[in-house]
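To start, the structure itself, in structure tokens.
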Amino acid sequence: MLATLIELQRLKRLDRTGWTLRGLPNGTESGAAHSFGVSVTAMLLADKFISHGISLDVEKVLRIALLHDWAEVRVGDMPRTATLYFGSEARKQAETAAFADLVADIDRTQYLSLYDDYEQRHSLEAKLVKAADVLDLLVEVLALERAGARGLDEFWEVAEKPDFNLDGTAEQIVQELLQAILKARSQLFNNG
Amino acid sequence: MLATLIELQRLKRLDRTGWTLRGLPNGTESGAAHSFGVSVTAMLLADKFISHGISLDVEKVLRIALLHDWAEVRVGDMPRTATLYFGSEARKQAETAAFADLVADIDRTQYLSLYDDYEQRHSLEAKLVKAADVLDLLVEVLALERAGARGLDEFWEVAEKPDFNLDGTAEQIVQELLQAILKARSQLFNNG
Amino acid sequence: MLATLIELQRLKRLDRTGWTLRGLPNGTESGAAHSFGVSVTAMLLADKFISHGISLDVEKVLRIALLHDWAEVRVGDMPRTATLYFGSEARKQAETAAFADLVADIDRTQYLSLYDDYEQRHSLEAKLVKAADVLDLLVEVLALERAGARGLDEFWEVAEKPDFNLDGTAEQIVQELLQAILKARSQLFNNG
Amino acid sequence: MLATLIELQRLKRLDRTGWTLRGLPNGTESGAAHSFGVSVTAMLLADKFISHGISLDVEKVLRIALLHDWAEVRVGDMPRTATLYFGSEARKQAETAAFADLVADIDRTQYLSLYDDYEQRHSLEAKLVKAADVLDLLVEVLALERAGARGLDEFWEVAEKPDFNLDGTAEQIVQELLQAILKARSQLFNNG
Amino acid sequence: MLATLIELQRLKRLDRTGWTLRGLPNGTESGAAHSFGVSVTAMLLADKFISHGISLDVEKVLRIALLHDWAEVRVGDMPRTATLYFGSEARKQAETAAFADLVADIDRTQYLSLYDDYEQRHSLEAKLVKAADVLDLLVEVLALERAGARGLDEFWEVAEKPDFNLDGTAEQIVQELLQAILKARSQLFNNG
Amino acid sequence: MLATLIELQRLKRLDRTGWTLRGLPNGTESGAAHSFGVSVTAMLLADKFISHGISLDVEKVLRIALLHDWAEVRVGDMPRTATLYFGSEARKQAETAAFADLVADIDRTQYLSLYDDYEQRHSLEAKLVKAADVLDLLVEVLALERAGARGLDEFWEVAEKPDFNLDGTAEQIVQELLQAILKARSQLFNNG
């Protein structure tokens, strides 16, 4: 178990390449900091789902959110363009294999099944975490733009294809949060 | 909910002062990266507890781990010496009040109760997270020392008063992980 | 004396949390760099006061400017919001106690009396340093904004309540410098 | 041509993941800084080859050295472990495809042929650059270790399988430089 | 030769002072990263010259581009204002002497002659590298401005005195690239 | 006066090249942080001198300490080796000219006279500041070495030629502090 913790520790230093490739300083955001953001966003979204009568396994949500980027300590934080050259299938296979090796000494079956669920966006919990992944990215972009960063427009394109593949109320809750983010951004550029 | 997410985002940049006060470079570890480490450690510890027949609310464990440092976005990451001058009671009150304001617009009752549980180390889940907090700190110190950092001996003193206030098997599981960390450290300095 | 110097050295690494909490990179400004800025600003202000016939103890001005943030090496650079939760009285007491311990082995009586004077804004010299503290902050914000930083508007609110609590000519000198800073800022945003 | 230059500019910020994954600070070495090191090392090695009567196309050497890591701006600086999961063949294909797209608007045929030569280690020039790539890595590790970095032992394992696949004198020249580096390292740890 | 490589390695860490003096974060661009940018720009310019029938020694171009800033490891990256106080003649002499000492143990005659050629802007190759030096600077400024940096207007003044001292077609090729950069910049500020 | 403050602000970002040239991370210490350290050291030394009956103008001490590195904002923090190539006379002249221009709009006569005193090491106050400059450097090296930095031995050579050119008791006070630093360093390497 210690070996796994030591290896996952590496996410604390690994820069998110999306920022450095666009000219922002090294150290802008680590993979661990992003995973924290996704986990917190997923937790608050889960609360909201539940308060609207949607039943949900919150433990599962948080487990998936915490583990969804573990493979990066072995394959790195590949930029989006990398997927064009490796193919998304090959990328998924490589990341799954890396993940499997990482959890070989802990509760392998459970973690592989959670990871597979996330990759397939099978369960409601997996879809919620994917939504949280996108929302945390946009909140980070908003925070960077508030601090003066520019040249990040392409991240907002994600926000234009707004299907999170959730049902009724759930989709609506996520869309409302997305709209709130978009509104905060448009206020940023209208006022300042 | 967006306002809360934006404010918690700030943990991604807030340096852990323990490192900078000891001469390590700015950006060594953010509060968010530490919270990620604690959450992952708590999750793996919870798995181990369960596999030894200890019953546990994992959702609660993960919620506490994710939120235990939120107050820092309002009161900062105060160095240990700060507690000497404010008094640990005043520090707790201030952090609790800051936490309460942070969660005013989300599920206030639930989060305050979780936070209070953690501060009191009431439940088994709260004690587990406290153990994870200490263990993640030591794994980070070990990682820094492996990379060449020195002058961090005082962090190891924590490891000498090894009472995590857990019962039987649970205490034993945590102690074993602690011993594994101490062994890895002594190997580091004997071999290199 | 060496122990004091080693401990004060820590200000060279301690990030000013005002910047990191607003999304600027770690390492934007250290406590030591700020103290240097305040000391230089105070020295030039003192020159100006003297040239207008105001009598002043420049040695005292410079001593206060150099020591006014020493307590941070023990209590950290607390964000403004922290004061809301601790109360400004408790904060002052804690910082004074930390300062007292720091100077225990050097010229204790002299330094405590200077620190107390600064905290009470008793003497003209103390008021001048407080003005320099504000002015250095604003010059730093201006420099950051010139380099592209945004989201720092709340720092300019300080500049709207312009009472430095000085007498006649002294107040006027400080106000003129403040106006020059505000003018430089408005030119920045009108031209670019 | 400008689009190509702007995209290659990104190598100036892209951290070499080898360092960050081992706990060294962000910003330790960029891809561009490494490429500069390889190019300079290759130039000095070429001089030495020539002075020993080995005929060589120095222009080709320098072109290969400058371009050998361009693909990273699209696929990232993948850690070594990534190759285990993607397979070295898939990695080569992806990097070659990324490189081909990068040079589509400049002198495509020439650059693809140089890149292919490097990937195959066909020509003497390509082999020389590969040797320079290894030597610059080791000189960097030595510099980091001199400055206090630790935990980099695995990089020295490269130095134990010393076949650069060069002929006679050429191999000997490279081996001598390698030995000089190893000697400098052993002095570092014996003296300090 | 190893001693030279170790010393040149230092360019990988040496910040370009132009950025830090204007308030950009430390680590924005190293001397080595800039030299890489100049070398790549020079290589692509050389290709273009050749494709327009201009004959050129590309090996010489690349050697000059790689070595043109080596003296900085001994005299530092002096800001432009430094030249005002030392005089450009004294600066040239000092840098040439530093360069001469640096290459004392490698192929001294060849390198001194290349360096001298560059300093005098004698050959077509030297002029081409000087043009690449300016163009890489402007592409870097453009990249920084795209990422949100401001306050860099004075760098664009270079672009207003557009004489690169080249003949006919060569001058035209460089001017066209310069115009493309200026156009990209004006689009940046018109659109966003 | 504002123009002067804005320009001196630049010292807050300017890296001390001594560290980066030896492989330590960018941002290790700014010129402003060093000037703060020298000023504080000078103040405590002045206290000690006075308590031993040496009469001293403390205002003058602090003014000199604060201004002694201002010229760096125009000529940069030149590495020691730079002096070999420019000659120490030319360096002094350039720095003096830069300093003179910097203070042209403030109290020119006073500042030039203080600067000249420091450069000549005329007065007791100037000699005291020079001693503080050396001592702050060594305390910084000690702090860096405690945090794991290595390869800084050459800085300790300064400490072997221990003549600060002071009289009797004054020289003795400085020597005692120097010995305390050397002792702390030898304990560092004997214990750990």
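Going by the order they are written in, the chains are A, B, C, D, E and F; count residues from 1 in each one.
To be clear about the criterion, a residue touches a chain if its C-beta (ideal position, glycine included) is under 8 Å from a C-beta of that chain, and two chains touch if they have at least 3 such contacts.
Because the structure is a prediction, the values reported are computed rather than measured.
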Shared chain contacts [subunit D and subunit E, defined touch]: A, F
Most widely separated chain from subunit B, with each centre as the mean of CA atoms: E
Intercentroid distance (Cα basis), subunit C paired with subunit B, Å: 33
Separation of mean Cα positions, subunit C and subunit A [Å, integer]: 40
Distance between chain centroids, defined by C-alpha means - subunit C, subunit F (Å): 22
Residues of subunit E touching at least two other chains: 23-27, 143, 148, 150
Chain-to-chain touches, reported pairwise for every pair that qualifies: A-B, A-C, A-D, A-E, B-C, B-D, B-F, C-E, C-F, D-E, D-F, E-F
Subunit F-touching residues of subunit E, taken from the complex the two chains share: 10, 13-15, 17, 20-21, 23-27, 73-79, 81-82, 84-86, 90, 93-95, 97-98
Residues on subunit D engaged by subunit B in the complex (per definition of touch): 22-26, 148-151, 153
In the complex with subunit E, residue positions of subunit D that touch it: 1-2, 4-6, 8-12, 27, 29-30, 32-37, 39-41, 43-44, 47-48, 51, 58-59, 62-63, 66-67, 106-107, 110, 135-136, 139-140, 142-143, 177, 180-181, 184
Of all residues in subunit C, those that touch subunit E in their complex: 25, 27-28, 143-148, 150, 192
